[in-house]
Each structure stands twice: as structure tokens, then as C-alpha cells.
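Before anything else, here is the set of structures, which you'll find just below.
First subunit A sits with subunit B, and in the next complex the same chain sits with subunit C.
Then we have the complex of A and B:
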């Protein structure tokens, strides 16, 4: 390479005009979504429930891509990197689409969808309704019992006082201590009995709790986390946190396009470090709430890391394809070189391994320890047709194929090859997200009668197309605003001339 | 042009916080670097070296004494009892193995990710890795009871009809650790070759020339040699990288494949790896901060290096904190009686609650001061926090290993554990061995990779003059 690229010559940036494509994607996506919701509203309860899973599947697929975009932006700043400045705007734009996904997630709040996905909602509602009835029904009997208890306590105390008065007179010091303690205990029992015999409302409240505990002890113990109010609060918290993070980072990044003031650079770095814990919290609990709670009895401490690994890997795959498409369309030709491809390819390889490491560790520890409440997740997925599915798509497709190919250095510098692998990875991500969500559907909706809901695979695809279209529209929208790369970023020199 | 006070009149690419800080300060030349680093090996050791070496060697002697006592008496002299069959010995094993992670992380993963700052600290931390793994190996080796039978762990043909249990993670651990050690030794040695040749060429006595010459394998620094060397180094880096992850993942399997609450949880592998890197970097700082002062290496191990390591400690400490919180959250969320009870005992009412809070404070709370640049720039604070982390990572293993089994499913066999003086002396002795080996390393081998540091000098960049021209062109405008 003769000479260096001078960032000052690239300060005008490149504008992207999405043209008609943006509107085609909008119309396509919105059209498919309208069709999807028409079918949903016209279907019976069970099929509508099945479609809720379709919608969640499509959302998680694209949400993970956008969240990966946020992650790469954060990582780039926090690790003080220079190589990817020319790609950073694409990361920011990809991350910003998270707002579109969150708007599309609003239907999950509708009871028809929500209750089909997360059984704990209807289960809790049912128990609560039963509890009210139970309390009404049991009130009189309980009151009678409590009154009787109170009477018994009173009688026993009176009897004891009488008896002890006689005994105390001739008791030794040691016996006195004992007798007084006995008396105090009886008084305590009387106080407890008095307290228990509260107003009707208090007794009912107590009856309701008891009923809840006896009907479903798991939900009873989890009520501090799995309850309607807190869940809804979290739903909006995730959206606000994730979009808030990328909104600010993109905002400052675009601002620095105008002036090139290094203060934005420093501000983004500082903010990104601070945002990382917020990002990790939001994403971890989002996947707990939306995915792990598809079966509220199941749990795994690795879950957040597993979903994070898939998100980071596949948004890198998506970025590789996006860069290539933009270059094919004549953009970024000068600024993005084969060196950047090589770097992105290496990250793709690293995260292919990381995903496999996390996925394997989670599976392996659950398989080896063989504890009933943990194995149920894999029992569904490792039996019947899901077993060959897991081996083909997750073990071979998701790991061995891209891993083997990406080891070869030359391939990472060839846009066509690396794009083919990135496309393959995105396809495997489709199967991964499908594998996470869909095996729950049949058993949940049919109460264990059937593994699948016939015909629902078509609504899965329809949902995916709808969200894909609207995701594409969102991406085009953000790409069309501002330069395609941070054209006055103070470290642009380093990224333009990167060699690795 | 920006109008900020500090940015006034400077091109944005050279503004504070943007421009890359130099990795070698004061424009040191190639020859200065050689002189300074080789000087450590060639000159008499400063008094500080002896002050550290003599007590270390005495402590190492104590280790040998306790081992002899152990072998001649039996493991009964340790404080282990029925529920707690893994005590300080396994705690110390995991502690030392964890420390042995930073070296290969720095030399392999940071090499693959092109982190040039690694060059000033990689040699010493790789040496530290090897010594830490040696210390680690002692504990399970003697824990088996009859040390002379330890070869039964190796799947070699024998006439005793012994067949190793390949289903057991403990056996995988033997393979994982020994593979890691072997590859780390080779990697370290390959990296040493050019520097050994430098020492050979500078040697003033015949013996030195012979000794360094023997290990330098006839290195002449020719073009072809460098080419092969670089390729070998890259391949070894790629080979070591999965090993960094696998060793501590397999160590975590020792516990996580069981059904013991507190041992079994799915996040263990990455959590252990993050913890190992965390503890390893803390030990690197503990060793290198005094080392750079004693030998005057401030221009090579700069504040930038320390800043980076402090940030890695902050990051990995926070990841470890994430894992602690996930464990606590899931112990609640699982609504599993045993899980909930185990963590209830850990944090609220158990006999070892104090250890949990020591761990949490040292590993999660204390490193948070590294959010502040002032703290990262104050060497006393960095040194103190690094030692908090050293202690915290030991406590972490203590919290996980003996406390989880001391109160388990059968109340009839609950029992507390406390170490005997032999275990305490062995642990102290392992520090003695570790320090002695490290000090001997300082005495005889170049503590900083001379050839590699030279490679990251600005004048070693093929585009050095282009960059200079670019910057000067801008300034003259």
C-alpha cells in the first residue's frame, strides 16, 4: 500500500438513499403483518395461541440482531477500538432498529397472545379467581375455627393461671422460672389467636394466600418476580433501556459528523462503559421473561449468556452481509477494505466458537447432572423429531460447518465466501431461535397431547416475513439518515488504514 | 475546528483521549531496550531481590517439609472430614490454576486480537502461569493420598488391571491441566528463543555463552528464521486460546456436573474462566508493580499498561459479579428447596456467611473503584485492589468448595470444616515456591520480551514515515 488514506479527505461522508426499497419493505412487511393479524383474529383460541409463538419467534430473531448491533457499538467504544470506525455507523443503525422491534412486540401484551405464551399468566389468574371463591366459601368455617381457637386459648390460660398460682406458692426458684415461662407462652398463644381472628378481609386474605400456596407452590414462591405488575414494568424497562442506550450513542455519533469535535468521541467512550451493565441486565432479564418463562418451572443461570452469544454472532454475520450489499450498490467502496472483512470474519469465527462453548456447556451440565426440573427443557428437544433437528442444525450446522470453513484465513478476505458463511450462520440462527421457542408450543397448547400444532409452521414463516419487512424498513430508515460512516470521527485515520 | 479548551489548535486525531498513547515512553531506542532488559540478568541483583528471595525460599522449604510429613503420615493430618472431603487442598488447587490463566490469555488471546500492549507483560505473566500451574498441581497430586500411585491417573497399559474412569471430570482435569501446562511451556519457550540468542551474544563468560547458546537453538535472526518463528508463534497462539477456556471450564465441571446445590449451575464454565482471568491479572499486577520499580522498567511497563490491566480487572470482576447475582437470582427463581436453602446458608444464616461477604466485597465491590481514572493512576490503590482480588478469588473457591458440601441433603452428616496447621503451612509454602521460582526467573531470563517490545515501537511500523508525514502535513496547515 503506497501512502496512507488521510481521513480529512473522507470528511464529507457518504449519503445513502434507500429509494423505493424502503417503501417496498414497509408495504411488504406491513401487508404480511396485517394478514398475520387477520388470520390470528379469525382463528380459534388454540391456533391463535400457536400464532403467538410464531410472532415471538420472529421478534426474537430480529431483536437479537438489533441487540447484537447495540453490543458491537458498546464494545467498540468500551474497548477503545479503532479498526471498526468505518463500520460503527452500521452497528449503530442496526441497533437503533430495536425500537421498531419493540413496537412490534406490543401485541405480546394482548391477553390472547400473552396467556398462550406464558402459562403463568392464566395460571395465576385462575388461581386468583379460585382463591377469591375459596375465601368466600371458607370464611365462615375459618372464622368459627379461629373463634374456637381463641376460646381454647383463653380457657387454657385461665386454667393454667389458676393451677400455677397454687404451684408458684410452693415452687423453688428454678421451678418458678419454668412456670412463668409456661405462663408467658400461654399468653403468647392467646395473643396469636386474637391476632389471627382479624376482620373478614384479613381472614380472606390469609385464605387466599393459603390457597395460592397449595394450588401452585412454584408460582407462589416466584410471585415476587412473576407477577403481572412487575412483568409489565419490566417489559417497558427493557425497551427503554435498550433503545435509550443506542439512541444516545447514535445521536452523539451523528453530532460528531457535523463538527468532528473530539468531545463526542470521549463522551461516547465514557457512556458506553457505563451502559454495559445496563445492557447486560436488560438483555438477561428480557430473555428470562420472554423465553425462559415460556416454561415457568425451568431455569438455567447460563440462559442470558446463551442468548447473548447468538445475538453477538449473528449481528456480526448480518453486518458482513450488509457491508457487502452496500458495497455492491456502490457505497463505502473506498473506506471498507478487505482488511475489515478479515477482521469481521475473525470475530465471526470467535463468536461461532463462543456460541458453541456456551450452548454445549449449558447442555452438558444439565445432561450430566440429570436433575428433573432442569432436564425437561432438553427432554422436549432431544426426543422425537426434535432430536435429529438439534443434531443437524445446532451441532453440525451452527458449529462444525462455519467453524471449519472460517479457520481458513483466505476465506475471510473473500467477500463472497464470507458472505455465504454469514448467510449460513443467519439461517442457523433461524433454526436456533426456532428450537428455543417452538418446541414449547405443542405441549403447552395441547396440554401434552401433541408436539406440534398442524399448520402453524406457515404462520411462523408469515410472522418472520412480516417482522423481516418491517425490520428492513427500520434499517433503511436509519441508514438513510446521516452518513454511512462516522465521517469526522477523530480516529477515522486508524480505521481507514487498518492492517491486521 | 473544535473549540474545547484542551482540543484548541490540535487536529482531532491528536486530541487527548483520542491519540494513542505510546507503549514505550521517552522515545527509547532499540539499544536502550536491550541494555535495560538484559542488564537485569547480567548485573548483580539489587538488595530487594535477596530480601524477597530468602524468605520465599524458606517458605518453599516449609512446603517440602509438610509434603514429607504428609506422605509419611497420611492425609489424616489435613482437616477434612466426612461431608467435606475437599478442603483447602482443592481450594488452593483451583486458586493457583486460576492464576495460571492470565499468562496465556495475555500471550495468546491478546496476540490474536492484536493488542500490542501485551508485549511488555507477556513474558513475565507466562512465567507466572507456569509457576502457578506447578503450585496447583501439587495439591490434587498429594490429595490422592498415595502420591507414588499418582501415575494411575494416566491411561497407560499396566498389569494392575486399572482402567481410568473416563466419565469423570476429575480425569478430564488431569488431561486439561497437563495439556495446558505443556502447551504453555512450549509457547513460552518459543517466545524466549530470540531473546536467549541476544543474551548468548552478549554473554561475557564461557559458561553463560554455552548455556544460553544451548537453549537458543542456534538462532541467528535471519529472515527465514523469523518467518518460521512468526508462523509457529501464531499457530501456538491459536492452539493455546481454546486451552485458556478449556482448563478452567473443565475445573468448573469438577463441581458443576454434580447435583450438589452451590456446585451445580450452568453458568459455571464461563464464570470460572472470567474469574480465572480476573485473578490472574490481579497476580500479574501484584508481581509487576514492584518489579518495574525495582528494575526501573517504568518506560516499558507504563501507566497505560497498568491502566489497561486495571480495566480488565474491572470488567472481569463485574462479569464475576454478574455470575454471583445470576446464581442468587436463580436460586430464588428456581423455587427449588435445596437450591434456595444452599444460598440462604451462604448469604444469611450459614456458618460460612462471613466468607461469602469477604468474597463479594473483594471481587465485586472493591474493583469498582477502577471506574475512576484517578484510582487507576494511583499505584498504591492499584496494588491494594489487586491484593483484594487475590484474596477474594481464594475466598470464592473456599465459598464454593467446602461450604457447599458441609451442609447438604442429609442433616445426619452435616459437619463443619476447618484446616489444620499443615494445610495452612502448605498454602503459605506454595506461595514460597511460587515466589522463589518467579525470582529465579527474574534472575536468569529476560523479564520482558525484548524482540516483541521492539516490534511495537513506532519506528518499527512500516508506515512510520507515512504517519509522520500525515501528521506533520496537518500541523503545518
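Then we have the complex of A and C:
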């Protein structure tokens, strides 16, 4: 048919040169980050704690965009899609920036930041110290009690042996069985009492556990998961898993640019199916550890999906804007058509609905069931100024506005309109992530005295600008390497000529 | 090339068969440019871009679906607010009976919106394509049976204002039809 594009004409690919922009972003981001950490080190303990929340907020905002990039790459391979081959390299590049975000997440390991964010760290440390003291203090008394138990068991056994010896002599067969069993039970009690006595170390260990359980039963029950060693292991596991996934997929994808060997294409597809469970596990538990554990007593099983929905939606919004900016700068002009815009717009609409569905389900179940340990999260966010905030930004801004506009087909084919909506969605994501993290800050740091920490909103913005700059630098770095689209992919033809 | 002999019955239209999807695509462009309105193509599989080649406008069905959805949405809200808040205020789980209870009504609202949209889609579509009906004149055509196998067919109906049996047949031959059949009404 006439007007069809031949993939052979596009096999040389397109190189992107970020030029000065890359370094401007690096300088801006690094400058803001340096300023941020200078302020943090100069502030008092409470304000430094508040700034830990600022940093986490900025990290999660950009981490969710990169994780969305990884997700779209994985989904594209796993579902064997053809439409988005020309956009896939942008997804891969966006996903690769996850490494930059993980490097920036290292300050979260510093005790000043870590303990302010996740109260279970200081709480556990406090209980442990108390438990040691408690064990020392109680050791003598417990030993005395255990010794007494042992003595009592010994005495009762002796008495029974004496009594039974006389009785056994004239007992019938049936009575003998009964008496012997009684004797055996008394011997058993003695053995138990002996074992319970144990060494000093064993008694102390037991006392510590008892103290832990009585001081904070929730932390005690969660100790298998919420403990320092496992948490630190997971911290690095998330980084390795997420970056590892996208590193291999991008590596093979760029390799196939040189030779066009279909073996890479098949390998990426197979690997993506295996990577998907790893990706889902890493992201779900990352948000459990970093966000849900901001209040370790609270839990929601929708949490992982909720954060995932926001990540997938907003990285698609980001991709739409990225494509438009690249086209405006003169790249990808022939490769990406309005059909691709329409397809991405449809995904944006689908994930707007998906996000709302998940967000509402989470709220609805907790609101209706009204169980004390679950309602805490929404109690903070549905009272005082957070209530109008939730309704304006999440209900109306995040759902109704983009949903209504994206329903209209023509809008999804107009880059200016779809970019405006994508920009709006990214702004609402800002408010969504803010709403997830920041309401926890005031009550946590002031022990319920105040909802907000005055002045901390400025450090929130400063943190966002720092991470934004360094995120942009990372993105420019990855965009500048290799072609802007997989130029020798076996199905480039299909993507170039896609019609929907 | 074969044309059927003149029939005494009224004519429904003319079926023309083309060699390939590509030929049919170009033929459709020419039929569109010739100004025909009441015509259609039948193929074993969907052909990308055929809408454009045929000059089809965007379907009105999405508008009908939107009306269905809005009706469902308002019906559900009115039904629940009227019965549960106005007529017989019902307190469930200690939830208020005023505007703040609206989250409790969302699941039903959501479902009714979807139900009404689905009904609007189905019945709207049936009305647009004039279904159900007992039979269709095209089923009498021998050529038409090939559309589900390997036939790329183009049908021009006699109701088209530009339709003249002889001239239209000639026109179809001129744009590359390899077989043409007259179909009785």
C-alpha cells in the first residue's frame, strides 16, 4: 500500500546529543542537593528529621517514574507488543535512571535520616537496651524462682517414691501400672524444671524476649521482617533487582541495534517473563519498607498495587512529554506518528481509571470496615486541611479531570492537548506522593503535637528540585547513548506503520 | 470476467471481487472518490486503514455509549440518595446519611454506569446496523460466500443515488474487479 514506511530506511537509527543541557541539569541538581544537605547538617534534630521526609518524597516521586519505565519495557516484551517498538528505547532509558535514584537513596541509611522516617528503628533499639537492663535486673529473682521450682519437683518426687514403694508391694497388676505412670510423670516434671534452669545466658535471653513481647507486641510479632539486618539486605536487594532487570534488557536491546540478530529479540522476550515476578516483588516490598513502614503499626494489602498504579500511569505521562520534547528538538519526527500518541493516550486513560479504582478500593474497604488499626492512615488524611486537599487533588484532580478529558478521542491525537493532560497528571502525582508521605511527618516528629513542621515545605521543594536535576542528568546520559529507537528490531516495520 | 444475465427481479446491488487486500484498498479509495455513499467492503480479516480508504467518518456509537453511561451514573446516585437518605434514612456501619456517605454508593454507581454503557453499546449497535433481521439479499450471492475464506469483496447497493447498473458495473471493472455479480433484492 502506498505511504507505508520501510524499516530498512530507518535502520541507521537516530543519535541524540544532549549537549549542554546534560551538564546544566547536573550542576543544578547537584548544587541544590549540596545546599539541601548543608541545611540538613546545620539544622536541629527535629528539622533534620523533617528534611528526611522531604528527601524520601523527592526520591519516591522520581523512583516511581523510573520504575514505571521498567514496567512498560517488561510489559512490552512479555505481551509481545509491536506498536511501541519505536518508543521502547525511551522506556528502557527512563527505567535505567533507577540507578541514579538508588545512589541518591543512600542518605536514607544514615541514622539521622533513617530513625526519623521509620520509628521502628529507634523503638527497637530502645526496647533492646531496656531488655538487656531488664534481664540483668531480673536474673537473680528468676534464678531463685527456677531453683525453687526445681527443689519442689525434687521433694515431691522423693515423697512419691517413698509412698509408692509401700503401695507397690501389695498392689494388683492394674494398680501397678497406674502407680508407675504417676512416678514417671513426676520424674518428667523434674527433668523439665532442670532444663528450665539452664545457664545465665539462657535465662537472660528468655527474659529479653519476654520484655520485648510485653513492651511492643506488634514489633515483637513482626521481628522476623522488621529487623535491622534483613531491612538493610532488602535495601540493596531492591536496587540490584530493579537495576539488574533494566540493565540486561537495555543491554540486549542496544546489542541488537548493531547486528539486528533476532536472538536478542527472543532472549528479551523470554527474560521479561521471568523478570516480571522479580520486578513485582521488589517494587511491592520496597514501598512496604519505605512508605507503609512510616507507621509500622499500619498496613494495607492494596499498598503495593496503589503505588504501582501511580508509577505506571505517570511514567506513561512522562514518556508522552519526553516524546513531544524530542520531536520539538527535531528527533523522531518521522518515526513517531499521531497513532503512537493515540495509543499512549489510551494507556494514559486506562491507567488513570486503574489508579482511581485501586485508590478508591483501598479507601473504601478501610472506611467501611472501620477497624481501629487500619483507619489511622485515613484519619490523618481526612481531617483538618488534609481533607480538602484529598478531595481537590486526588478525587477531582487526579481522577475526574484527566478521565473526562481523555475520554474524547480527538484529544488523544493532539500532542498539545495530550501533553497538557500528561503534565497535569504529573503535577497530581506530585500531590499524591506528597499526600502519602508528608501527613506522617508532623505527628511523628512532634509526637502528635502538630500536623506540620513549619518551613519544611520549602525543603520539600528543594529536595524535589535536587532529585529532578539529577534524574534529568541521568536520563540525558542514557538517551545520549545508542539510537533513540531500536533501529534493527525485527518488528520495527510494524511499529512504524501502526494504525489503530 | 463474468456478469450475470439480466433478471426480472429488482436489484439489491453489485458484488465485485478483488485479487488482494491491497487491490481492494485502492479500489475502495476510488469508489470513495467517485462519490458513492451506500457501499461496503467484506474481507476475511480486518484491513488497517480501510476506514480511511472508504472515507468513513467516526462512528456515533461512542456518543450513544456516553449517554448510556451518564444515565446509569445519575440513575444510581438518584436511586440511592432518594431511598437511603431522603425517603428512609438508613444508618449502616455508623455512616452518616448525608452527602458524606457518597463513597458507600460508589460501587453501585460504578456498576450501573457500566451496565447502562454496555446496554447502550449493544442496543445502539443493533439499531445502527439494522439488526436483527431474518435474511439479507447478499446471502443469495455465490461470490459473497468467499468473504469468510479468501474473497476481498466490494458491494455497491442500488439505493446509492449514483448507482446505475450498467455504468457501475463498468466502473468496477475499470478499477480492477476480477469478478462481478448482480445480486437480487
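In this text, the second predicted complex is superposed on the first by the 477 of 500 C-alpha atoms of A that agree within 3 Å, B and C clash if a C-alpha of one lies under 4 Å from a C-alpha of the other, contacts with A are read in each partner's own complex, and residues count from 1 in each chain.
One rule holds for everything that comes next: contacts are C-beta pairs under 8 Å (C-beta built on N, C-alpha and C of every residue); 3 or more make two chains touch, one makes a residue touch a chain.
What you see is a predicted model; the values in this text were computed from it and never measured.
For the composite obtained by superposing both complexes on subunit A, the positions of subunit B and subunit C are in clash.
For subunit A, the partner with contacts to more residues, out of subunit B and subunit C, is B.
In the superposed model, A:147 lies in contact with neither subunit B nor subunit C.
Touch criterion not met for A:41: it reaches neither subunit B nor subunit C. In the superposed model, A:12 makes contact with neither subunit B nor subunit C.
Judged by the touch definition given at the top, the superposed model places A:180 against neither subunit B nor subunit C.
When the shared chain is aligned, subunit B and subunit C each come close enough to touch A:368. The superposed model places subunit C right into subunit B at 454-462; the other stretches listed in 58-66, 274-282, 364-372 or 454-462 stay free of clashes. In the superposition on the C-alpha atoms of chain A, the part of subunit A touched by subunit B in one complex and by subunit C in the other spans residues 364, 368, 370, 497. Of all residues in subunit A, those touching subunit C in their complex are 1, 360, 363-364, 367-368, 370, 407, 409, 497, 499.
Looking at the complex, you find that subunit C touches subunit A at residues 22, 25-26, 48-49, 58, 62, 66, 93-95, 103-104, 106-107. Of all residues in subunit B, those touching subunit A in their complex are 2-4, 7, 12-13, 15-18, 20, 112, 114, 242, 245, 249, 253, 256-259, 264-270, 318, 322-323, 326-327, 330, 332-336, 371, 463, 466-467, 470, 473-474. Within the complex formed with subunit B, the subunit A residues making contact are 3-4, 6-8, 82, 217-218, 221-222, 224-225, 259-263, 265-266, 269, 273, 277, 280, 284, 288, 299-305, 346, 353, 357-358, 361-362, 364-366, 368-371, 373-374, 488, 490-494, 497, 500.
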